[in-house]
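Shared chain: chain A. Partners: chain B in the first complex, chain C in the second.
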Partner chain A sequence: MKAFKELTEISGSRQNSYVSAWKDQGKKVVGYVCSYMPEEILHAADILPYRINGKGVSDMSQADAYLSRVNCSFSRCCLELGFRGEYDFLDGAVWINGCDHIRRCYDNWKAKRPFPFMHMLPVPHKIFPEGRQWYKEEVISFKEAVEAYFGVKITDDKIAEACSVYNETRKLLRKLYDKRTEDEPGFTGPEINTILSASVSMPKPEFNHLLEQVLQETQTVKEGSKKSIRLLVAGSIMDDQGFIENIEEMGAVVVADAFCLGAKNFWDLMDENGNVFENLIDRYYTHSPCPRMAGEYPTRLNFIKEQIERANVEGVILEHIKFCDLHGTDNALLKKDLEKAGIATLELERQYGPLADSGRIRTRVQAFLERIKA
Partner chain B sequence: MSEDKINALERMIETFLMTSNLPEDMDLESPDMKVFLESMPEGKRTAFLTMAKDLDVRKMSNAFNTAMSKYWDTVLQAKSRGKKVVFIPFNCSPEIFYALDIIPVGVEVLTTFTAILEEGLEKYLDLAVERGLPDTMCSSQRGTVGLLEAGLLDKPDLLVNGSLGSCDPNSKIFEYMSEKFDIPALYLDIPFYHDQRSLDYYTKGFRQVVEVLEELSGNKLDVDRLKEVCELSNRATELFLEINEIKKMIPNPVPNYYNQIHLGTKLLMAGTQDAVDIFQTALDVCQARLKKGSHVMPEEKIRLMMMYTGLYFDGGVHLWLEEEMGVSYLLDLLVYYDFNPIIDTSNIETMINGLADGMFNLPMTRQLKGGWDMPNNWLQDCLYYVDTYKADCLVFTGHTACKQVWGVYRLQLSES
Partner chain C sequence: MIVAGCDVGSLSAEAVIMENGTIIGSEIIRVRPKAEQSAKDVMDKLLTRLNFSYNDIRFTVATGYGRENISFADDNVSEISCHGKGAHFLVPSIKTVVDVGGQDCKAIRVSSNGALEDFVMNDKCAAGTGRSLELNAESLGVDVSELGPLSLEATDTITITNQCSIFTEMEIMHLLMEDKSVVNIAAGINEAMARRVKMLVGKVGVKKDIGITGGVSKNIGVVKYLENMLETDFVEFPEDPQIIGALGAALFAEEKTKQAT
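Let's turn to the complex of A and B:
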């Protein structure tokens, strides 16, 4: 389990050893916040894309001076870390107007502690031809901004190369998820979470190499996992191993998810034939949609149903971070439709942060699992 | 509508009718009136007094309530008359629907007016949450959802959201209603920026919505009818811009109450003769007040402006501000209309462009779709309105749903 141990170390530290090594070579690191950001553009510029998170924050006093209590704790935790200087190792950041919280996180970050390079890449809120054109123009504008600021040339060949690396990551992660679906899952939920966190905070080629090793190393099944209730968890951003651990400690095993840091982020592969740039645009614009995309609820419901079937799921937990109206509202619809389809479903409102509110969550999960057992 | 329940609209119409012809010589101090006022719950009493106490205001409220009773009756009778009804948010203009013979209903205005129901609005807000909607969603739309859940409203034929991206709860509630109550929905995406490229993109989306509306309603857009609607809308705009000019006077002769009827009229009736009549009455009243030197009584001490939404859930607050503190309530963001264009009615193209431009510049859509300090955004508009209307202070009020303003109001305050 040497490779897994390494991934654990990476996911557990902000400026991990790979980031440090990257910077030691004089290369740049750029942060981002959303799965609609085409990382391949940065990779093609030999810049390391690093997904900003808010892990490890227990006091948000600096962020709370600007964002308010009705802004979600994820955006506040990220801003807190930014204000504290814990992301000062980044050479820049690119934001998406993903939701009201995160775009205001950007405004405050930019106003009070800006990176030398800060870019907003606005994404349309629905899928339609004019929206795709808009998104394409914005990605081109982002690419040009990166080229201009960092003094690099992002060629089509470089993008094609990056796309190939990223597709490899997606394929490997799907293999990882295949192991999750087995009768006796090869990985626990927190382990998966650890791997996913590492996947967005280190260079992809190295990650791919480590993940290949992990997949080879993990031949043994988790003891007792066959007796556990198989769950799918979906909802607001999830990079909190503790939350998943809490659920599994109650007698469940998480075998599938629908998170923007999980399956929704890598499920859709990119077509590597033809015009790679156009394919890149298609892949990111139409990938498994976030609840911010209006009119795409049926697609989101179907995605979850497919994952349920694929992983032989017995129950679904839909979580949303308090004040995340996009996921909260979607979850209300999903619960109605999943229950209607005979799938036991639990809705949980939570706070982002280390084991926040864990007692209440454990009690509710326990009752939910008892309902499934009955 | 199930017959065992009294439609919410019927009861609203009754209330509007009751308050649509308050006599000029009405004596609020008479024993009968005192008994009547004491019988009312406090909130409703203050709302009534806001409309009735001042004779000038009474003229405005009579015109407004008369038009409202007529408007809601049209909504109520729509189905029996074979008309389609569309629910829209406050960032979607009504004109295009009138031009297509579809009846537009603003969900926020509907929620606000249902507060006049005898049982109040709270139980419907709670019901919407009980049935799944997060309690952090906007109550100005949640009330309508609650009424639909309770079966006290007929579901509309269509939903149209005009501004995806300026407020997440505002757009998300439309997808929720669409899925929950099985109503077709159309969405217009609003870009992050405020420039020609963005307006062109938005206008294209608007044209597509118009095409789908034609299909769904079975009504073809008639250029003469569109022109008639646009001209009425333009006339209303000219009138309220004249009222805005009067607001710039120190002291301000425009009664605080006017802001409430301005919003309701603009959101529900722009493009109709009734809207023109209401604004004409309001202008006549304001001009007469200007002439005779009337203003906020006893004296204008503070010229106040709301940097975001006003307090529409409390009908009495405007009077209270006026009487208790001499506050002249100049504007709130929901009546920031100085950048509303006059629609060029030369041909169908110019009219469609003008309507799209109008929606692109609607309150909230204009100011909150992008970065707070970008050109033509929140900061710049607030500074413009404060300067133009000579406000002494800006007040921030935000619902818990308004994450996009709560997230930057401190930056905004520090720059304002």
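Let's turn to the complex of A and C:
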């Protein structure tokens, strides 16, 4: 369990030991917020991409003075940490226009406590040929901005190298998810969350190495997991072990997900043959889509259905962070269509951050599990 | 065989004791700050009245907000399943149960054998709960129990537009300053409450027969508005609808005893 313990430590601290070691070598760290950010570009520039999170914030008073109460708590928590200086170890940050909440987070962060390097990488809200061209141009200007600011040259060879490292990560994470599909899942939901959190806050080659070890270590199968109800959880950004733990404590085991920090982030591999830059654009532009992508609802529904089948799921919990209109509306459609397909589904509204209302969640989850057992 | 159900909610606690499938007694109290104390007080009261002791009870199921913290209970079941179960026991034709309690509001769909089929619960907000009715009654200067009868006398219901309980309070204060009639405001409060509940019921679908449980089911004003909006009458329960959660818990206790033997 040594490798897992190390991943736990990494996921539990913001400027973890790998980030510090990286910086000690005089190398740069750049934050980002969304799965549409082609991390390989940064990796190819020998810059560490670090996914910004809002973990551990229970007081958002500084962020609330700038954002409004109708902004989602994820963007408020991230901004709060930014204002407090907890992300000062970053040398820069890249934002995506994922949704309006996270854009306002960017605006305020930039206005009040800007990083030396700040870049907005817009992604079209629809998948179509001209959109792909647009996205490609945006990735090129992002690449050029990185090259200009950090004084590096990002060659296609470097990108190709990065892609192969990242594909390795994706393949390993799929192996990890294979273990969840077993009758007695090799990992609990919170353990998966821990591994995923670490995966986006440390160098990928080292992460791959640790994950390989974790996959080889003997897993202690959670007692009674065979009797637990197998759930898929999907919805707004999820890096909260406590939330998943709360669900599992009611007699369930989370065996699959459709999160942008989970399966959706790594499911699609990148084609390593042919023009690597074009392939990178295709991979990120068309990867398992966020509800921000209009017209892609059927893809999202099918993705969930595939995961359900794969992991032998008995029920689905669709969560959304309060005021997350994208996931909130998508969840309403998904609930209708999944129920129609005979899959018991529960919608939950939550607040991002330390679980203040666990009782409320527990009641709904307990009733939902009773419904499945009935 | 004697079993018990104990429902500790956010505002009231109820206990029901059954013997061989028949209710032999029930009790309702206002909650204490701690769930365990509320549960003990309501059970003690009922046991004393029936001349029973805890040892006479074969199995106890706890439900409600405080269900996980009750030491004398043998098991716990969510209040959602319990309300469905209890309502179905009293009215076997029931398909939809609307439960409006102190701090939450739920619409529950039950199958023809009383099993939970689906449910919707209010999100993180007090609007549409018993607590918000209490606050509104307070702003109006009447007891919450008077809101229902008052609204029956209304001549011109005043529409309350705010959904948030706190903003509603301010709206009521403003209406009182404008010298609007207390009776018409009371009707407005009940109507606003009914609109909120209707939205939730709409989510699971209006399927007859429908019954209303929980403390708010005692407010005749809310009930009448809701019946109009849903275009159906609620079924009559042969017992106090406020004890249905505890009754459901007692029924689960009975099932669990049978399973064990």
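Simple rule for what comes next: the second predicted complex is superposed on the first by the 371 of 374 C-alpha atoms of A that agree within 3 Å, B and C clash if a C-alpha of one lies under 4 Å from a C-alpha of the other, contacts with A are read in each partner's own complex, and residues count from 1 in each chain.
Assume contacts are C-beta pairs under 8 Å (C-beta built on N, C-alpha and C of every residue); 3 or more make two chains touch, one makes a residue touch a chain.
Everything numeric here is computed off the predicted structure, so don't read it as measured data.
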Applying the touch criterion given at the start, work out whether A:367 contacts chain B, chain C, both or neither, answering first, second, both or neither.
second
Applying the touch criterion given at the start, work out whether A:357 contacts chain B, chain C, both or neither, answering first, second, both or neither.
second
Considering only touches as defined above, state whether A:149 meets chain B (first), chain C (second), both or neither.
neither
Contacts of A:267 with chain B and chain C, given as first, second, both or neither:
neither
Which holds for A:89: it touches chain B only (first), chain C only (second), both, or neither?
neither
Would you check which partner chain A:322 touches, where first means chain B only, second means chain C only, and both and neither mean what they say?
both
Contact-wise, after the overlay, does A:339 reach chain B, chain C, both or neither (first, second, both, neither)?
second
Go through the superposed model and pick first if A:103 touches only chain B, second if only chain C, both, or neither.
first
Report for A:292: first if it touches chain B alone, second if chain C alone, otherwise both or neither.
first
What's your read, chain B or chain C touching more residues of chain A?
B
For chain A, what residues appear in both contact lists, the one with chain B and the one with chain C?
322, 349
Touching residues of chain A toward chain C in the complex: what are they?
322, 339, 349, 351, 357, 359-360, 362-364, 366-367, 370-371, 374
In their shared complex, chain B is touched by residues of chain A numbered 65-68, 70-72, 75, 97, 99-101, 103-108, 110-111, 120, 122, 124-126, 128, 130-131, 134, 291-292, 294-295, 297, 320, 322-323, 325-326, 328-330, 332-333, 335-336, 349
Given the complex with chain A, which residues does chain B contribute to the contact?
132-134, 136-137, 161, 164-165, 167-169, 171-176, 178-180, 185, 187, 189-193, 201, 204-205, 208, 370-373, 398, 400-404, 406-411
Could you list, by residue number, the parts of chain C that touch chain A in their complex?
65, 68, 77-81, 111, 115-119, 121, 123-124
